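Letters A, B, C and D name the chains as they come in the text, with residue numbers starting at 1 for each one.
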Amino acid sequence: MGLRSYIITRILLTIPTLLLLLSMVFLIMRVLPGDPVALHFEKKATPEQMESMRRALGLDTPLWTQYIEYLGGLVDIGYILEHGYPNLGKSMQTFEEVGGQIFSAFPATLELAFYSMIIASVIGILLGVISSKSYNSILDHLIRGVGTVTYAVPIFFLGIVFQLIFGVYLRWLPTGLRINPAVDPPATITGLYTIDSLLQGNLFKFFESLKALLLPSLTLGIILSGIFIRMTRTNMLETLRLDFVTAAKARGLKESTVTYGYALRNAFLPILTMMGLQFAILLGGAILTETTFSWPGLGRYIVDRINFRDYTAIQGAVVVFGLFVTLVSLVVDILYAYLDPRIRL
Amino acid sequence: MVILGTIIVSALVIMTAIAPWIAPHDPAKTRVGPIREPPSPQFPMGTTHLGQDMLSRILYGGSIMLQVSALSVLVCFLIGVPLGLFSSYVGGVFDRACSLVIDAVYAFPGLVIAIAISAMLGRGVVNMALSIAVVYIPSYFRVVRSQVLSIKELTYVEAARGIGAKWYTILFRYVFPNVIPSIVVVTTINFADAVLTAAGLTFIGLGVEIHIPDWGRDLTSGWAYLSSGAWWIITFPGVMIILLALGFTLIGEGLSELLNPKLQR
Amino acid sequence: MPLLEIGSLTVDYPTSRGTIRAVEDVSFSLKKGETLGLAGESGSGKSTLGLSIIRLVPYPGVIVKGHIRIDETDIVKLREHEMRSIRGRKAAYIFQDPMTSLNPVKRIGAHFIELIRTHEPNTGKEEAFERTKTVVENLGILSERINDYPHQFSGGMRQRIMIGLAIALNPDLVIADEPTTALDVIVQAKILDLLESLRKVYGMALILISHDLSIILERCDKIIIMYAGHMLEYVTSIEMHRNPKHPYTQGLLQSIPNIELSDQKLVAIPGSPPDMLNPPKGCRFWPRCSYAKKICRVKEPPLIKVGRNHFVRCFLYGKKGVHVERNRKS
Amino acid sequence: MMEKIELSIVVLVLIGIIVSSGTMYYMTTVVDNLSTLTDDVSTLTESVTNLTSTISDLALIMSEGFQEYAEAIAALTARLAAIEAGLATKETLIVGTTDSVEKTLDPAQAYDYFGWCILQQIGGTLVSVEPGSPKGSDFIPDLAVNWSSNDDLDIWDFNLREGVTFSDGTEFNATHVKYSFDRAIALIPSIPEGAPAGLGYDAIIDRTEVLDTYKVRFHLKMSFSPFLGILASRSSTIVNPQYAPIAQINHTTADPRASTPVAFAGPYVLSKWNRVAGRDVEIKLDANPNYWDLASGYPRMAHVIFRFYSDAATLRLAIEAGDIDMAYRHTSPTDVLDLEDNPNVKVWWGTGAAIQYFCFQTKRAPFNDTRVRVAVTAALNRTAVCDTVFLGLSDPLYSIIPPGMLGHTEAFQKLGDANYTLTTSLLAAAGYDATNKLVFDLWYESSGHYPMSAEQALMYKEALEGSGVITVTLKSADWAGYKQNRDSEIMDAYIYGWYPDYVDPDNYAFLYWAKWIHTNYYNETINGLPNPSYPAYLQQVALYDEARATTNITLREELYAQIDEIAVEQCSVVPLWVGSGWAVTTPPIYGVFLDITQDMRYWLIYK
């Protein structure tokens, strides 16, 4: 099957998944106790007022109508072209476009996720390779120990410890926010501070935002690296026992060539797939990390909004998260196909 | 590893169990001592910002974590396993549907769902457990399913079918026993995850009521007093949670290593 | 002077359940251009012996005793990087299963170029490429295929490539470990012929490891019969044809179908090879030996010389060793 | 006691031993591999060398890249210096906060602390409370220069300041005043959650009349003495018609009209307002070039920049690290007390006006029985909460009207704190005792809408149960659920808080019977039966209206005192404590006024 058709099928497959997610959340949110309408009145409002507010919020229609309307809004191409983001409805609390809110918050999460992923992969793969190469030795046990422990640490605990060490005592890195408060954030192009500041050739802001990024992404990355270490190690062990590795050794190739060019290169494919799967976990962790580092991202947005019963907001966030995860897994699959000569699409 | 893990977990369980007899104070009682008192002979782990005895809270505090994780694991097990067995054995449209739903949940950041659900259900051990369970059912389902699909085709199962054994006989007599090992592994890992997720939920403010001593809550509330140098409020619970999660993880990893012949050299 | 000289080599596999002595007290030597066959049932330690020559005994195996001299240098003492310069350059190894012995994500050509440039760092890309072409053509493979991936080749083709990789740097010694077992019969002969011809062309010494005595008989000058890590008999193939000494060897020969003898009845050796964790005391073979005497059970027989280039490890032969009549109709 | 401690220590040590021995056991499996350690290390070093080599290559490339950037960097560092200089100068004030504007900055809707705070910086009102006024009852001219009212207090005239312009240059006159109030009232139906609705503009103001270009008259529906207080509140901010259409429904921050900098005539203009996901991430105020009081040197600072932190802990770290000039709203009590000992920062203490109170659901047992309500009230322990939870930063409150304000009393002192003798006797009368305890749910808000709610609730529970005749079940809901529970009247007892709209007892006293608290205390009948408390309620309302209608201070004092007296007998709503605000600054910073109005007037602050 050709690459294009492959991708297309993959995308088509994601649609029902997303739809399911959406419907589930839609229902869950509607069952939540706490009426968003009531939240608009500091003091008890008259029934008429409640009714008008209910109408304003579009909650006066029956559930299924709301549902259909919501789905309709999602696929409203004209709207997307106009605003640059899909119509996710209006916030139940602030009446703002949820789409706008989410896409203003998303870059922060994306940036965090991206850097943490890099950190996690580097630590995970390097340590994993080393420990697999020195199988069943002290080093191996140490590294595995590290991996296991990191897996068991509550992510926000690690974050707090980092804040304490690097923020409070050493004063090296900021303990929160996306950039040093004394500095105006770079003008928004992509919303990723590091990228924007570079695009504007402002290295100072670039380093400032990098400094702010370091602690959160390190926290998230280290936690995740535990899993990566384990994955890499297992796969490496399996690959290292394959004939072609021994054969390569028998040809007197360099140690590094054998390890990286032969073993890792082949072990990497399954690792890649698992990384894709870990992405959901990473985003979950991002929620806690963002709360710990007052990082204005999608995770904190959700936590904020749940208290307001902001149906539309949470639905929107869920949809975006879902899209993101599926997109990543799609990319991973394509990468896999690309990297493995046996699958020539 | 398994042994070490078991030691840790059982040690903590015992500690929590005998807390009422050994705890020097009522863990919830405020102002048993001065507030935010650093560790001292009289308060070996210091006191909280309300002057509660940290030591007593540590001794008691595990019960919530343990209850939540145990309960959620139980729920996962009772739903995930049978569902996985049945749907994969039956196959066809039902199987497809199940897998689709499960994958939808699986592909999604579990914490978000957990948060939403536990916000819906409100506080309390059971509610926390349920919201966590929902997140981890998929992993059971998937493991069981993949296993069954492979076992189903094995000759002896074919044979059993051949001699006209009832489907449930086959499922529970022939298939289920072979699935158990991998389930055990998932379960232990799930325990660890449940503990951490519970801590996470508490951190976001969806934990149990304040008068119930809980490591997660102390860890969270301790955060605010860290910058005023009250390290003991956050450190001890943090360490305990790590120990508990670590214990389960060790068991899980150890088992999976034992059960994974690929890694036997 | 011998190209390869092995003295009282002993290899152990320490495992959690105890130590397996896979090769015990093996000594032999090999001259330039000679061919030696290592025969024995699987688990007899022949592969371990072969691998220990390039010091690649798989984890957790270790060479505990003895020396392996290639051109007078004892490789057992060499450091890892020095060892690397020997592998592939002086001594090459051909593995059993060609399907899994090539890096699936590397092009065929890349394997060769990599090999050449590792050992001769100052060869340019083009030169390496040209050499690769010639080698591949010698193997009877179209040179334009060197840009294909392994999975695009058949088993036989891949084994040819493995052979090519082995001889690419024109080593003095090639060790072929069951080179044809994984292939179907028609291909087997072709591969072996190829190996034979190339060996003649390049004048290399060859160690052919196989459980199939017939192959070894027809292609090797010298033969070593391995059993449970022990060298039971060390003999030239001609001598082996004329009078095999060891009961085990005889048994093996009887289990080979022979076209000349239409009415030959094949006799299999009773019993099965011993558990290497606790091998039988005394002679390793006595439980299956029809001539076993009391002494065989208690004392380990020494390797004794019974003729020119003919050694055997059995109490049946000694100073006044009893000659067993070969119960072979003639 | 001690031996118990020893016992538990022993157990912990045992666990320690077990765990460590387990670890040892685990390590022993490792020890036999000690031999392999060396080549592991070599492996490690090798991989490290591989890594370093690649890194060095990378570094090379990077350095080349930086070569090109060299001049750029130089230029940038120069700019950086400039930036920092700019930030460091007396021109800019950086304020860190955990607040965020809730919805909008339109006076017709905004009803949250921070929204009002920003509005005060960018908007003008007819009159305003004199900074530092002890009772918050001294009014000074703002957009009006002087005023007068008739004896019935239902007609008020204002002479407006001439030559004032909105920041877009529009000349300010009486029509704008009329417009602003007409608009506020007109919008009440469509924005019932807005401040004008909350303050009951439609109930108080009959109509606004333009007498002259610079003279305006308010006709009120009742005699209303605290009218100046209302006029000084944010919801009375005068708007520029051009930017605040009259028929505007559903204000949003996305809607430019809600926050346009030129809509008002205050000391500052809003030059930047970025929100991410409905939370502020950037707010910048610049001095209003057309501000009428520029002559006297206001605003003192050319720029005010707000930085937004998600929690008090981070805010504290920021002020300590000197990232910000000022931390306002709010560092935690613990932190602020720490900071007070920190020589590098200065803490400014304010006067309290934020109160919290205990509510009883009177429509069903047990709290339909007045005796039970009084008994529980007597068992409460305010001081414990104030000392332990708020570390003395909030004070016990024995009247719904906070101290320092007209009409404050100590009425509830009569019932005392943790006065268990009274509690037991009253409960005994009501049929409860140690065997048959009084059992009820105490609810608190769990999503941080009020400070330290959980801790408070815990301490109240303890105090009440200390009586030995009460059992309290703690329950909680986040702000959403909490409000809903309040309206559906399912909570036996619950804690609520109040922040003044305008500084006047009139804005507090009514809390005893405020309908939106849903105590049902104010109903004539409950479940068909006559409500025994109803007469008391009528009495209180009568006193309240009388107090509204007079300017006679002593009389008002007297009337509010009587309301408190009745409240003590009824205990429908019980005052708990009054909290004061505080600000933390990194000196040198002057001109911080934290008076009873709870307003932060940034235009007075200077370095």
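Simple rule for what comes next: contacts are C-beta pairs under 8 Å (C-beta built on N, C-alpha and C of every residue); 3 or more make two chains touch, one makes a residue touch a chain.
Given the structure is predicted, the values throughout are model-derived calculations rather than measurements.
Undergrad: Between A-D and B-D, flag the pair that has more C-beta pairs in contact.
TA: Looking at contacts between chains, A-D has the larger number.
Undergrad: Hey, which chain ends up farthest from chain A, C-alpha centres compared?
TA: For chain A, the chain whose C-alpha mean is farthest off is C.
Undergrad: Can you check how far apart chain A and chain D are, centre to centre, with Cα atoms defining each centre and the answer in Å?
TA: Here chain A and chain D have centroids separated by 34 Å.
Undergrad: Please report how many Å separate the Cα centroid of chain B from that of chain D, as a whole number.
TA: 39
Undergrad: What whole-Å value do you get for the distance between chain A and chain B if each is reduced to the mean of its CA atoms?
TA: Whole-Å distance between the two chain centres: 23.
Undergrad: From the C-alpha centre of chain C to that of chain D, how far is it in Å?
TA: Inter-chain centre distance comes to 86 Å.
Undergrad: Indicate the residues of chain A shared as contacts by at least two other chains.
TA: Chain A, residues with two or more chain partners: 33, 135-136, 168, 255, 291, 306-307.
Undergrad: What are the residue numbers in chain D that touch two or more other chains?
TA: 26, 311, 317, 320, 447, 477-478, 481
Undergrad: Can you list every residue of chain C that touches 2 or more other chains, as numbers and ranges?
TA: Those would be 59.
Undergrad: What chain-chain pairs meet the touch criterion?
TA: A-B, A-C, A-D, B-D
Undergrad: Okay, in this complex, where on chain D does chain A touch?
TA: The contact residues of chain D facing chain A are 26-27, 29-30, 33-34, 36-37, 39-41, 43-44, 46-47, 50-51, 69, 72-73, 76-77, 79-80, 83-84, 87, 94, 96, 102-103, 111, 189-190, 192-193, 198, 249-254, 275-279, 281-282, 307-311, 314, 317-318, 320-321, 323-324, 447, 477-481, 483-484, 487, 514-516, 518.
Undergrad: Which chain A residues qualify as touching chain D in the complex?
TA: 33-36, 38-46, 48-49, 52-53, 56, 91, 93-97, 100-102, 104-105, 108, 126, 129-130, 133-134, 136-141, 163, 167-168, 171, 174-177, 180-185, 201-204, 255-256, 259-260, 291, 293-294, 296, 298, 300-301, 304-309, 313
Undergrad: In the complex formed with chain A, which residues of chain C make contact?
TA: 54, 56, 58-59, 80, 83-89, 92-93, 95-97, 100-106, 114-115, 118-119, 149, 151, 162, 165
Undergrad: How about chain A: which of its residues touch chain C in the complex?
TA: Touch list, chain A to chain C: 135, 242-244, 246-255, 257, 261-262, 265-266, 339-342.
Undergrad: In the complex, go through chain A and note every residue touching chain B.
TA: 16-18, 20-21, 24-25, 28-29, 31-33, 135-136, 144, 148-149, 151-157, 160, 164, 168, 230, 234, 237-238, 241, 280-281, 283-288, 291, 302-303, 306-307, 314, 317-318, 321-322, 325-326, 329
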